[in-house]
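Next up: the structures, one after another.
What follows is a pair of complexes built around chain A, which joins chain B in one and chain C in the other.
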Partner chain A sequence: MGQFAGLLLDSIVSGVLVGGFYAAMAVGISIAFGMLGISNIAHPALILLGSFIAYVLNSQFGWDPILVGVLATVPFYFLGTLLYSAYEIAFERRGTQLIRGLAFFFGLLFITEVGLQLVFGVDYRLVETPYIGPSYNIGPVSLPVRMLIPFLASVLLLIGLQVFFMRTFTGRAIMAVAQDKFALQLMGAAPVRVKRIAFGLSTATAAMAGAFLIILQPVEPSMGRDYIGRIFAICVLGGIGSLPGTFVAAVIVGVAESITATFYGPSWSPAIAFGFLLIALVVRPAGLFGRA
Partner chain B sequence: MSNGRFILFACLVGVALVAASMFVTNEYYVFAAYFVLQYVVLATAWNILGGYVGYVNFGTTAFLAIGLYSAAALNKWLDLPIPALIPIAGVLCGAVGLVMGYLTIRLRGVYFTIATLALSVVVQTFITNWDYVGGSRGLYVMRPSEVPVFGSYVAYLFFLMTVLAVAAVVTARAIERSTFGFGLAAIRDDETAAAASGVPVLRLKLVAAAISGGLMGMAGAPLPFYLTYVEPTSSFSLAYTVNSVAMPLVGGTTSWIGPVIGAVLLGTMQQAMTVLISSSVNLLVVGLLLVIFVIAAPNGILGLIRSKGGKKPDPETNPLAAMLVTEKRSSQ
Partner chain C sequence: MASSIRVDNIYAGYGSVRVLHNVSLNVAPRETVTLLGTNGNGKSTLIKTIMGVVRPTSGRIVATIDGKDYDLIGKETEEIIDLGVALVPEGRRLFPRLTVEENLLLGAYRPTARARLKDNMAYCYEAFPRLAERRSQLAGTMSGGEQQMLALGRALMSAPSILIVDEPSVGLAPLFVSRTIDMIAQLKERYHLTVLMAEQNFTQAMRIADKGYVIVHGEIAFRGDSPEEMQRSDLIRQHYLGM
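Entry: the complex of A and B
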């Protein structure tokens, strides 16, 4: 195999792995923005909060970041329900979610970021686990375990969520609230309660995505905003509110970024997601898997 | 007050500001006042699209930085003076606003918001990779120590920013009272109804996006000379965006005076707090104020004043209350 093909294959594989992790970051937005119509641009900042929780518990007590991520979903769930209650009372009920709701989440993003900066400074932080160093090599392709674990965990997270949405009453009610709030009321479910649960769930995924992020790379408080464009690009490309679509789109963006980084230099890759976002918005706003 | 009289009034305020700056011996105060005036321009520009039309732009940083870097690059290349750089930056950013608007504003407003947020990341990527303006290392901008008439260079920059601020406020007020402005308000209240009544919705939105972006770019043009050193990380600080969103929302978005009140209050507060406490804490305070105001006082300080002076706003006579009602209806 030529050197070019080897490089290409290697960057595709690492793109798929990173893409799977992007799906975990984007799934929260897919639920909040896609299903509930809540433009939670503070989600990436909450992911960073999750990363720093994993950092603190890992560096203080040596806990495994994935375990911390799973445990942190509980407080994050309740944080999410609280946030939604505030959002519902202050904006949805008044009908001002479009401008002021966006400004609210933007303020939240900013407060979280500056708050993390005040506590942890602007240095990069990382976690220590036995699986961060090693890497398997198959021919020219390297499979670093620090990428493999977030990828597998993300896939499990997405499958779990998909099963929840398809099989349980609450899950179906969440899918229904996205389609027709009024009809849902007739079926005997309270839209606000359903949305609160869904938003809590969306926030809970941030705890896990944050743990994956800090396994994958060292983190720094203002990193979150670099992910906003990427995450929304994935959601729009995948089709609003579709979890399989989110996964496929995340892998596409991951591979495109990885190839760009390999052949043109990593400093160009942030522009890739934006290109995808614009193309998706212009050509097919419904996304790959969305209903047109 | 007619537009002509208002222009005269605004110019007088501007002349008074510049005259006052001449008598101030401590140059720091002029620096601080420049900072506040820059935010008057940014907040007013944001409000033309955000307040009048209801499209939220989170890309102030991107527009400002395009203005800043185009000025720095053209100054390095052709040695152009600032008065020539300002209109160039304005046209460039106006075009960026137009293109962004054309690509995304036709869809739901929230896509425009997300695209503008992502725009800052992309513009930062390009600037970081652009060696001519120093890339990530940054670029020093030389400025003459003396300028004729004004004496110090800081006084000259302050004069330019005063002119920009006066121009921005006059533009915003003129828009508010023109047919164009009524069209924008109609779009904000109910886009479908506006389109049905013959308002050229897309064209008006695009013009507003171009004016708003252009003004932000113009505010950025003198900035390299104010800072004397530009580099991507601080030029793309989210502080510009959060401030230009917070100031109109704290002041009140429906009138030109709202962003001015917000910019003067929050800008002065930040200058004082940067000196007294630290710059991170003051940004935290801006974020908190933004969240508190959008929750507790959705119509800003203007709304607080109005509801105190009059009775409960009536949707029949008060356009603001009517806006809230229609927004509520369309969301259901």
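Entry: the complex of A and C
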């Protein structure tokens, strides 16, 4: 195999792995923004909160970050339900969520970020686990275990959520709630309760995505901002509210970025992600897997 | 067991606009009662009041379901549905970006209905073969007639004992109107339902109704306890039959 082909293959594989991780970051937005119509731009900050929880428990007690991510979904779920209740009472109930709700989540973003900065400072933090160093090599392709594990865990997370949405009554009610609130009441479901559960789930995914993030790379509190545009782009590209779409779009963006970074330099990567988004919106406005 | 609905002396409206004046209405067990009235006379407001969407200023609404009385006033819509009342709303209100099957499955959301999901689903597909053909199609992409069938099917999935239908004929071609009306009668027989149906199409509604009320300017202007009595009414002859 030529050097070029090897390099290309390696960058595709690492793009797929990173893409899987992007999907875990984006899935929370896909639920909140795509299914509930809530523009939770604080989500990346909550992901960083998840990273720092993993950091603390790892550095203090040596806990595995993935384990911490899974355990932290429980408090994050309840945090999400509380946030939604506040949001619902203050804005949604009065119909003022469009601008004020956005301001609310902006505020939450800054408070979370500054809170983390006050506690941890602005230095980069990292976790230590046996699987951060090693890497499998298959020909020219390297499979770093620190990327492989978040990828596999992300796939499991998305499959689990997809099964929940397709197979359970609550899951289907979540998919329906933004389409017609009154019709959902006619099915015997309370829309506010359904949305609270969904937002709790959306927030819970931040705990896991945060753990994946700190496995992949060292983190500092304001890092979430770099991801806001990218994960919204992934959600729209995949098709609003579609989890399979979110996954595929995340992988496309991951691969595109990785190839660009390898051959043209990393500074072009964001342009490629948004370029894909623009093309997709022209060719297929509902997104790849959108229900138009 | 039998279910019924009683509306007693209801006054209701929107803000300072009063729409319903002293409306009383009774749907006895296993009866099909039609509520007739042209646009803007309060049919939909009465249905919204029964369903807990509009809060009345005074009066009582009591549903008797399987022999037990429930005061509906003050209950949320979803609580009323949970008792076993189903509404096929005006405009159908399907979930346009969910498939036919997903719409039907959501119909069975209430716990009592979940237990009978398989049977009811099988019956829906048997009664509406079109829905079976289109089960993985998005509801929003179907024709008006098909959407009305889905709306009926979805209401049935909740295994109701009382079925309320708000203007099933609106926006449908004449052939579909009579099919829809037939279907309501058929479903009523199959599930021993008590049916309240608001309609403007007198001729179609009277084909299946046991009893009827005419609502004019928010008041019950006429009550006919049998189809014959309805046919003989001067009010109906003038307004609905053009005689």
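Note that the second predicted complex is superposed on the first by the 282 of 292 C-alpha atoms of A that agree within 3 Å, B and C clash if a C-alpha of one lies under 4 Å from a C-alpha of the other, contacts with A are read in each partner's own complex, and residues count from 1 in each chain.
Throughout what follows, contacts are C-beta pairs under 8 Å (C-beta built on N, C-alpha and C of every residue); 3 or more make two chains touch, one makes a residue touch a chain.
All values derive from a computational prediction rather than experimental measurement.
The superposed arrangement places chain B and chain C next to each other on chain A without a clash. Shared-chain residue A:180: touches chain C; no touch with chain B. Of the two partner chains placed by superposition, only chain B is touched by A:107; chain C is not. Once the two complexes are laid over each other on the shared chain, residue contacts for A:2 go to neither chain B nor chain C. In the superposed pair of complexes, A:92 makes contact with chain B only, with no contact to chain C. Once the two complexes are overlaid on the shared chain, A:139 sits clear of chain B and of chain C alike.
Geometry note, superposition on chain A: angle between chain B and chain C about the Cα centre of chain A is 90 degrees, to the nearest 10. Contacts of A:130 after superposition on the shared chain: neither chain B nor chain C is touched. With both structures placed on the common chain, the touch criterion links A:115 to chain B but leaves chain C unconnected. When the two complexes are overlaid, the chain among chain B and chain C that reaches more residues of chain A is B. Distance between chain B and chain C in the overlay is 13 Å (nearest C-alpha pair, rounded to whole angstrom). Residue ranges on chain C touching chain A, taken from their complex, read 51, 53, 76-78, 81-82, 86-87, 89, 93-98, 102, 105-110, 113-114, 138, 154, 158.
The touching residues of chain A, when paired with chain C in their complex, are 169, 172-173, 175-176, 179-180, 182-190, 291-292.
On the chain B side of its complex with chain A, the touching residues are 50, 54, 56, 58, 103-104, 107, 109-111, 113-115, 117-119, 121-122, 124-126, 128-129, 238, 241-242, 245-246, 249, 253, 280-281, 283-284, 286-288, 290-291, 294-295, 298, 324-325, 327-332. Interface residues of chain A facing chain B in the complex, by the touch rule stated above, are 39, 41, 86, 90-92, 94-104, 106-108, 110-111, 113-115, 117-118, 222, 225-226, 228-229, 232-233, 236, 265, 267-268, 270-271, 273-274, 277-278, 281-282, 285.
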